[in-house]
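Look at the two complexes coming up: chain A is in both, with chain B in one and chain C in the other.
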Partner chain A sequence: MSLSRISNLTILNACGDEGLYFSVGPFIVCLHTSIPSVIEGVALLYGDYPIAETSAFADYHITLQATAGVRRWYRPQVNFLFDGYKPFKPLPLSQSMPSFEWGLNWCIANNAHQYLIIHAAVVEKNGRAVILPAPPGSGKSTLCAALVNRGWRLFSDELALISMKNGNLVPIPRPVNLKNDSIEIIKSFAPDAVFSQKVRDTNKGTVSLMKAPGESAQRSTEVARAAWVVFPSYLAGADATLTSKPKAQACMALAQNAFNYNVLGAQGFKVLSSVVDASDCYEFGYSQLDEAIEVFDGLAASV
Partner chain B sequence: MENAATLWSLYAADELLIRTWEDEAVVFDAYSGNTYLVDQMAVAILQYLDGKTTPQSKLVSECADRFGYEVDVDFTAYLISVLNRLAGLKLLHCESR
Partner chain C sequence: MIAKPCLLTQVLVKPERCLELSLREWDLVIRQARRALLLSRLASSVNESIHGLIPDLVVPHLLASKCLADKQLHIIKYEVDRIQEAFQSLDAPVVVLKGGAYVVSGLPPVHGRLFSDIDILVHKKSLDRVEEVMSSHGWMVTHVDAYDEHYYREWMHELPPMKHVRRGVVVDIHHTILPETACFHPDPKKLMADIQLVSGYENVYTLSDIDMVLHSATHLFFEGELEHGLRDLVDLDALLRHFSKDEGFWDQLVERAAEMDLMRPLYYALRYTQQMLQTPVPDVAMKASEAIGKPPAALAWLMDALFRRALMPDHPSCDDAFTPLARWVLYIRSHYLRMPFHLLIPHLVRKAIKKRFSPTQADVSKLEEN
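Presenting the complex of A and B:
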């Protein structure tokens, strides 16, 4: 049964009692919270994800808790707890839902070493995936959001999970984290997409989460092989241009964008180099989303 | 590091993984955990030194032979610069006899 089949009240009760257990890609999350914006956010953005048994093993026990003390009256804040431990300083209460997203990213990146984890978006078409590694500000999430609203399947807008066992890319199709101007750009590009409320004045500016397309969430157990590694960069006024990138340089750039490459040692190198081996690697500059989609559709149709 | 009596060897034998694509390669050093982007000459040196200590003069002539260069002042200076770079990355070790 998916989360969309139960009411916000049921979610609230579950989050307060034994915790709300739900599957996100290969992981089970157990969430404890009574913060209304998180309950609403989870109901809105995670409706298509399966509820897990409360007796199930949970990979990540997460609690979002409003801070206590006098401060809660004049500057309310939220604490993120992972297994009862607070890895971060509290954030303003208004940032509770983004804090859940950022915190869950942190939990996965620091613990899921059965995967080589690269800071990258991943989308898939016809069983072949594109890895889009890029630093913040490169337009990675905007491009990813556009692609998944034009027939590409969302694996992730933030974490490429590459199985250490077999090199498969494993989907974790969570909400796409859009920032600042990208929010309105994607709202007009995909008017049917579902967005959370905007949260202003975060470290990343104004953020809003775009719900993953239902099909992506429902097919979250279907893995794929990497076929392309594309390093995107938004260049104002530029035509969409795909330029071949030497594989050795792509391999280095992927290693630099990996969260846990150093933890995985020689095995991580072998998995990383096998992904590069199997992929065509490119630099991609763009300014117009429609042109970008055309280029990516061309790639998908090329083999 | 510039005389013929200099001996070169791998810093940590059996610890290097090398993946070559076209004219570049990526080297993973399991000893340090570091990864490096290197050119074909560096790869040739690392592969040649696998399991053996080699005098610099022999290394220069082997590499020149492999890539079809003349052993002249320019090539020797270039090769020494590559050797020194690899030594700086702690991929190679040198000793003077």
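Presenting the complex of A and C:
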């Protein structure tokens, strides 16, 4: 199967009237924009993604638009529109590309109830996936970025999609959202990785998006089963330690980190508990990425 | 002047059209339905047995929206039970209005319906005690400043919305169905005299069948923000189709509308359900509602031009050049109908200023807090 890939040219053509239709994991996104930083960002970060096979249907129609009015001259802003609807306050124009990422997360979390959606990173090796749920600040994205630069396949750094039909984890490999110190840490950890320009002064501080490894993007239709649920926390100076976590606690903690657990009712509980039942659950404290990788590779090597 | 019918209303009227839709048409109909809060309604009218016959890309949207609607239905039932509990120490009935009423009575609008809050009606004299028991059961008046308090309590027909501190569900407590300052005055005592106990409950009531229809119509055609107007029109259509099986329904409906000073909203309800959703309204009923409820010719023409635009899904594909103006005029109209001019102008100015300086939208970067 030959997939046509997104190129600068297709983006420039498509971001005109028709919009750019591309596949991100299980979803087709149609993007409309004429903002240069978004066009460059998509070309840089989504270059390995297949253009959607059809331009007749999209799951999410998204527009990023510079706001009108006098403010555009002294404080330009960007609006995120979900098919004409503005769910958010406008942000400074410089944050257009991160807005696309955050806004698309919002669209998925609020609409795609065919999945149980957990706020977690997911990576996979040898057909077995690890779910890394965590609140912001726990170093989840940093750890995820490190793992996918050392042979793990990226499913997502933000949204674990668990099929309500069969409990499979479904990849949605998008750029990894790194914040503040993590950016330089990952840049020196993985000098070959591709990064977007830093965007300063966002609500999360300085952010930069790391391009998903090409292989992850190309294999985005290959699902996997969860084998581990690991709750990471970055602890300055700590040795990497994996501590077993009782399954009931892990289940509750996953439910708390889920976006739509309350929407899915009894069926959601069933799917979540079957994922936990099939997984080994751990707390994981770490400070050094190399040590962390060793621990995860150890898990992957175990039978 | 007649706006072209949108794809969504065509499919709602004739669900079997689903089988003929191209992928591009599905894309459009899903988008229109989502904006109109009718995606789950559409999903519930597409039997799961024919999911195999519609495109694979479409099915997840139907299932997901159905899931959300099922959950909301569950929540509304649960909350009505809690309100009934709260009322136990009161000698007052819980009269559930609109969406909540359709849920407890299992009426057809309930299929795939989405809800924003629960509306209940109480006697004006019990308002203070109702507020007290609701507070003691966890519902609090939230996000209201002194001006809003004044607005609700003095001029409107309800208490400021009460939100449950833990569960977040909002209850609107009305003491009549139109504001005190409005130009029509349906007598709330007459409504309360005809309430019916819902089977399976001890103290939960709905309005009579006829009054439910009239209230739905009144609410829709006095409402100013019609972004979800089509959803309410779909409710009306479902109610009319359902109750019209009862002998004498149409005569009673017209009679009661005359008695309650609600002929105008009834006229609009029958006209636009028939035009947009092909509701089978008998000629006699239509003529009778026209005889008393139809506005003078020029106004009728204008209202047609406004409602036919504003009742469409609030989606760019359904807009023409005049749609934004129509929505704006109806917004001003709704306030004008609710309040006399000397109150209205300062109120709208204040609202406009407040809106400008206190945006209520969420922050896009804080996904985890939504």
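As a working rule, the second predicted complex is superposed on the first by the 291 of 303 C-alpha atoms of A that agree within 3 Å, B and C clash if a C-alpha of one lies under 4 Å from a C-alpha of the other, contacts with A are read in each partner's own complex, and residues count from 1 in each chain.
We take it that contacts are C-beta pairs under 8 Å (C-beta built on N, C-alpha and C of every residue); 3 or more make two chains touch, one makes a residue touch a chain.
Not measured: the values here are computed from a predicted model.
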{"item": "Touching partner for A:Ser220 - first (chain B), second (chain C), both, neither", "value": "neither"}
{"item": "Chain A: partner with more touched residues, chain B or chain C", "value": "C"}
{"item": "Which superposed partner A:Asn149 touches (first chain B, second chain C, both, neither)", "value": "neither"}
{"item": "Which of chain B and chain C A:Gly265 touches, first, second, both or neither", "value": "both"}
{"item": "Touched partner set for A:Ser37, first chain B, second chain C, both or neither", "value": "neither"}
{"item": "Touched partner set for A:Thr63, first chain B, second chain C, both or neither", "value": "neither"}
{"item": "Partner chain in contact with A:Ser141 - chain B first, chain C second, else both or neither", "value": "neither"}
{"item": "Touching both chain C and chain B, counted on chain A across the two superposed complexes", "value": "262, 265"}
{"item": "Of all residues in chain A, those that touch chain B in their complex", "value": "246-249, 251-252, 255, 261-262, 265-266, 269-270, 273, 276-277"}
{"item": "Chain B to chain A touching residues, read off their complex", "value": "17, 19-22, 24-26, 28, 30, 33, 35, 37"}
{"item": "Complex interface listing, chain C residues touching chain A", "value": "22-24, 26-27, 31, 34-35, 55, 57-58, 60-61, 63-65, 67-68, 70-71, 74, 315-316, 359, 361-368, 370"}
{"item": "Chain C contact footprint on chain A (complex, rising order)", "value": "28, 54, 56-59, 61, 80, 83-89, 91, 95, 98-99, 102-103, 105-106, 109-114, 119, 135-136, 158, 202-204, 262-265"}
